[in-house]
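Okay, so chain A shows up in both of these, paired with chain B first and chain C after.
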Partner chain A sequence: MATSDSISEVTTPSAAPGNGLLVLLAAMTAEQLESVLVSLTASFPAESLVIASPDPFPEDFDPSVRIVAAPPASPSWTRTAADFVSASQLAEKNQARAILMLGAESGSLAPSSIRTLADAVLTTPTDLAVPCYQLPPHAGLVNSAILYPLTRALFASRARFPLAVDLGLSLRMAQRLAGAAHRFTAANQGEAPLWPVNEATVAGFSIDQFDVGPRAQPQPGGPDLNSILPLVTGSLFADIDAKAAFWQRYRELPPPSDPVPHAPSTDAPADIAPMLHAFRLAYSNLQEVWSLVLPPNSLLGLKRLSTTDGDLFRMPESLWARIVFDFLLAYRLRTINRGHLLGALIPLYLAWVASHINITASGADPEAHIEAVAAAFEADKTYLVSRWRWPDRFNP
Partner chain B sequence: MQHMLAMILQPAPGQTSQPPYAANTTVWHHMSDALHQSLDRVLSLLIAILPGILAFIAALAVFTLIGMAVSALLRRALTAARFDDYLARGRGASEWAPSTSPTALVARASFWASILLGLVIGVSAFDAAYATATALPSSLLPYLTRVVGAGFLLIAGSLFARYLARSVLIGAVNEQLQYARFLSLGVKWLVLVLTAAMVLDHLQMGGNVVALAFGILFGGIVLTLALAVGLGSRDLVSRSLESHAEHPTERGAPYPDAPPAGSGESIRHF
Partner chain C sequence: MKKLASATDPLWYKDAIIYELHVRAFADSNGDGIGDFPGLLSRLDYLQDLGVTCIWLLPFFPSPLRDDGYDIANYVDVNPSYGTLDDFKLVLNAAHLRNMQVMIELVINHTSDQHPWFQAARSAPPGSPAREMYVWSSTNQMFEGARIIFTDTEKSNWTWNETANAYYWHRFFAHQPDLNFNNPAVIEEVIKAMRFWLDMGVDALRMDAIPYLVERDGTSCENLPETHAVIKSLRAAIDAEYANRPILAEANQWPADVRPYFGDGDECHMAFHFPLMPRIYMALRQEDRLPITDIMAQTPPIPDICQWGLFLRNHDELTLEMVTSDERDYMYFAYSADPRMRVNVGIRRRLAPLVDNNRRRIELLNSLLLSFPGTPILYYGDEIGMGDNIYLGDRNGVRTPMQWNSDRNAGFSKCDPARLYLPVVMDPIYGYQAINVEAQLSDQSSLLHWTRNMIALRKLFQVFGRGSLSFLNPANRKILAYLRELKRSDGSHEIVLCVANLSRFAQPVSLDLAAHKGAQPVEMLGYVPFPIVTEAPYLLSLAPYSFLWFELQPPNAALARSSSR
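What follows is the complex of A and B.
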């Protein structure tokens, strides 16, 4: 994993006007916007910058920086297909050489981190620069439980945050993503998430990951977990389904880098009782649905879990990997309605969260546990490939 | 055949008819006549509708063959034109995307469309033959169409009941409602009762009794559900109202599992 370079070490990007960096900002507060603009103008020559933001710029902002009108702010908390279409169109219109997309609350990013992401696509052959955030131990749990392990196992990428809101894109990467995004925008699904790491891997583009330190993560606004989790996992499952011909082949995983540091937590451990209650309630009610999706061995594992006391509650990594793979297979085969399927995954995810909190509360490093989960996904990939190709084969 | 039946029913010629049985002979004679006439009517109806049946079978067979040919042609043409790849490029991650390849779907649809066309033509030929055959007091065919319609209603209702029951079950479990299964069962039976009433009404069976029974049953289930949910969530509602009264401006936690402030470390799913 590349680490963030200090500002003084970075070479100055091309200062040729119309041949520089397009910075596409998400909607943010005036204070955050000012902070980001200060970081950008301090890191890059004003002539090489083209900044697009849906928010009004401060009146005293440097007039030598080119400002372009950005499309209206997307209400989504993450990057959507429409964002990538806009980024590509703006880059083409302004003849930008690379694009830096900064998500909501990016004012909390260190200036050096912003510069690192931009320089990766401006001065190196990197096509996709993805950040690696330093988050509190129990933040970004959907990413740790599902998105990261699945992306790593199937696309052989160690990108720790596949759904990162801050990205550095080369021009060809932006065009590739816009092409993929057109499928959604044409179907009036511009708010659908897109998976840049998967796209870059399939296209054979180079991906680099950079430690960017702590960052305030934008959170979904309106709906709760019951709506967002099916949306995100459904989108990833659909992307995996569309790229099945790619990931079924064996690919070597890049060597591991330094472990991601977690921001220290001073609070008392989180209360897992509501999550365990949700899991046990689901176990007593959703047997009929789970039995359509999961093999008997996994159901037996869940039965054991349902009778385990709170302090001893541990979901084995292999069981979680098998559960996610079986749900992915059921999504592909349409064993049951996809909305029902993804809804039935929520209590199982909460059980994993409870287990993860227990494990970290016992002194284990959260990142070590997440890496163990990802390794379990990798180890079980043969099962997924086998059942993907021959779904009707006997499955104990 | 008529003569044979008459001969069977008539006494043997060698037998001497006794005076006490003279009236019986007349009865036998009348019965024989009635049976002859009935047999005549049925045979003439069968003979009259036989061309219709043959036309139905022929239309079905011909259109099945046409459907197979059209399906095979379409399959080859679409495969050659890379129709699947074209659609895959233009298709987003839609919930309603087909599970099989679009080419196979189009080929299958064309085949079944041909069969359906054959069925329609066959039935209309049969209907024409049946109508011209006789004005016999028989309402079998119209009733058969009603039975088929009722069958479709029953299947659709059962599928819809299962879908709704599962939706309610999963939604209620994720909302952590203790009576999730009960709620799901209630919804399922509501839809099934509604379906049963519609089927009986379509079959024109029962008349007002069905409507009345349906109203009572439907109302009973709704009332039971309302009472159960109301009584079951009484504490929940009162707690919610109390918390609203105490903290009128406080917004609810975004996630059901997020612990209350100050109770421990916060969990962020995203």
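What follows is the complex of A and C.
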């Protein structure tokens, strides 16, 4: 858990920082850190910068840049509640006007992209600057299948990466996020993810998205899909539950921007056979659980899918949207143990991934498919709201 | 050390769902036949799942229990039958962890005659500090303008005490001598008791019987300016040391007489709306909205930070003090055919038996409770439609053990049934084998599930707790229709239209909604869009005892909705 005591000076400032930019770096390797520092010093005047990192700075680093120690953090593939508490505390302590949070592997971001995110919160009224990464077609699919469509449908935000590790924050946005993060840190859950886009939307703050090009994505260390998906999905479900009174009001979705092309894939075509095997096995074994969560129409759709050949395997967008919505409802209602519930979502997610791979292998633009999925979530939001308000199991 | 308030919003009580319960009646953990704090602790998850945000605990202090705990013998301890102070703290902290606040009773008009203050006062010399804690007289002729409240048991508000060789004053039972609020030492002692509980983290106080604090000859001894001065001093003491700790006033008076208890926002934060409750039942039975609209028209505006407390039933009789003689007679004929159903000036029945266990009537009344301007207060057991036992004395018929399941003693206690503080309800309609929490949890169509869904729905719309009320006046008086509207400082706006059919038959209604032309009514339970409002009368048909709640979405939302379909 981050505390104010853990934030200490590393260098004596040569001058008062004034209304500058605080850059909070995630834990990263020495090479990555050096690369990020080069980008930062190339992009910003040294006197306007305060850089905070949990890692030791290179000994030959520009002495005119004010550097401070960030609380120790383990390398993470996502931003945690503790990060946002630290960001707010450091910004306040160093009288920063805006904050740029850069995640692990951020050395792979182009200097101009870093500059774009920072400028947005420094020189425009933007409260939250979120990046839109250019990723390979089959990267970040938990985000594409669940996080992005849900956030877009419920919070009327087109932020393509609601759990981005790089963010630009206005001071008030940082304070707001720190307030939200305190709920977790106070309960000794500082590693919990936070949802800046949702928080900004509820606060009525302005959000802007910026194309930042390709980026190496930090990968989770030990845990696999069986722990990652329940972690992030459960966290988002909980946040949605807490903000139900907000998202159930009508919200107008901002107009779409130009789609971001995917980075060229260097991977070999993914083998969907293990995914389909996992789905079919679950279809046999998890019927009882799914029946508690899903209505008859969805179960019928899954039955049809379970007998579909691999190359013809397509999960309709509307079916996927309802599955996610019904799991969200079951999470809210605690229909079954939440851990078991989210575990039961994994084989369904794998089925969606298999379907996505098949669709893109047939020549469809991956981003177009993801947009179609998000549009299905939006179109069916009324289903979620009505079930949320009157969660009778006797429904179609 | 003072604990900080568990609620961060100073107006949290406006959005609250209050659940009234008696520790004695809720759950017994040690098998002695009496509910206790560890038992309540074990049932907090149930209350959280129901959607309760504030638990109102009836008196749990040491007491001879001759008035269900409202005869307090020690203000700063827990009745040993219910556990210990540490047990109470465990419940308080566990409730806070579940985002629930806790309201306790501040019964300050009187104490038990067993309270050490009264025991000392009896034998203290007249005029001495100990004696002056209570109101004494050498005659029983003072304050003759004060009515007798417990008409069934009390013949006078004065009772002779041999030891004191004087009469002492009591507005309630003779064993409940009134404290003397002309004496500053009494106020100081009350503040000490308040501090004791607020320091611990208690979130709110219900002030019992506050119209009667001060007496003056030649008056009714109710609602006196001196009483308001006492309340202001108590409120000031709270505000000086604590944040976000509201006071709920029990003042069974006409709305215009209750209004001063809000002061200028410097007396009580909340007050029960007593006259509304019997009129809701009257409107239902007469199939006519007039009793409701009439009493609401007599209800004056209150300061912005204040709130009405609304209820359908509570631990007392359905009081008929705030109705006319004819209305009282009508209510007796309509709702208490058996004379045993009557006590004092009221009807001692629970919600479900009052409406002949008709599910649609129960739902309709709850819909009014949840959508009228104020904070809804549910009485324990009414969420499952518990019945009563009119053969028990006083108001005990509505204070029977909570019915958790169909096991022995309704799952309330494992004791020998003969040890129970009161017998569980056992009749074939309302008995615990038919009506219990466990059965209703497993029945998706149960009243319990319905109540839970309605509470959750209400909590999504702040307008219910904070918005204004305006009645529509359709020609059909069997229909009660009203708008709730909330304009926030950030420019956002919520409007909800509520329409209720008070009749046992289907009814048509034509509403004038021209002021909201272009808005899209969206039925709130199912999120179903209805035809857009125009200048023409808005026509609806309602099933018997049904109600509809609509969110009036602005015209731009209506357009977007139609284009997305």
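Convention: the second predicted complex is superposed on the first by the 372 of 396 C-alpha atoms of A that agree within 3 Å, B and C clash if a C-alpha of one lies under 4 Å from a C-alpha of the other, contacts with A are read in each partner's own complex, and residues count from 1 in each chain.
Here is the rule we go by: a contact is a pair of C-beta atoms (placed from the backbone, for glycine too) under 8 Å apart; a residue touches a chain by one contact, two chains touch by 3 or more.
The model shown is predicted, which means the values in this text are computed figures rather than measured ones.
After aligning the two structures on chain A, examine chain B and chain C and state clash or fit.
Clash - chain B and chain C, as placed by superposing on chain A, overlap.
Which chain, chain B or chain C, is in touch with more residues of chain A?
Touched residues of chain A are more numerous for B.
Identify the partner contact of A:Asp392: answer first if only chain B is touched, second if only chain C is, both if each is, neither if none is.
Touch partner of A:Asp392: chain C, not chain B.
For A:Ser362 in the superposed arrangement: first (chain B), second (chain C), both or neither?
After superposing on A, A:Ser362 lies clear of both chain B and chain C.
Identify the partner contact of A:Gly234: answer first if only chain B is touched, second if only chain C is, both if each is, neither if none is.
It touches chain B, and chain C stays clear.
Give one of first, second, both or neither to describe whether A:Pro269 is in contact with chain B, with chain C, with both, or with none.
first
Answer with first, second, both or neither: which of chain B and chain C does A:Ala379 touch in the superposed model?
second
Can A:Gln248 be said to touch chain B (first), chain C (second), both, or neither?
second
Looking only at the overlay on chain A, choose which of 59-67, 149-157 or 167-175 in chain B hits chain C.
For chain B, the clashing option is 59-67.
Please write out, lowest number first, the residues of chain A touched by both chain B and chain C across the two complexes.
The answer is residues 334 of chain A.
Which stretch or stretches of chain A touch chain C in the complex?
Against chain C, chain A makes touches at 204, 244-245, 248, 250, 252, 334, 378-379, 382, 385-386, 389-394.
In their shared complex, at which residues does chain B touch chain A?
Going by the criterion above, the answer is residues 88-95, 99, 163, 166-167, 169-171, 173-176, 178, 180-181, 254-257, 259, 263-270.
Per the contact definition, I'd like the list of chain A residues that touch chain B in the complex.
Within the complex, chain A touches chain B at residues 77-78, 135-143, 183-184, 186-187, 189, 192, 217, 219-220, 224-226, 228-229, 232, 234-235, 238-239, 242, 265, 267-271, 274-275, 277-278, 281-282, 285-286, 289, 333-334, 336-340, 343-344, 346-347, 350, 353, 357.
So in the complex, which bits of chain C are touching chain A?
Per the touch definition, chain C meets chain A at residues 49, 444-445, 453, 456-457, 459-462, 490, 524-528, 553-554, 556-557, 560-561, 564.
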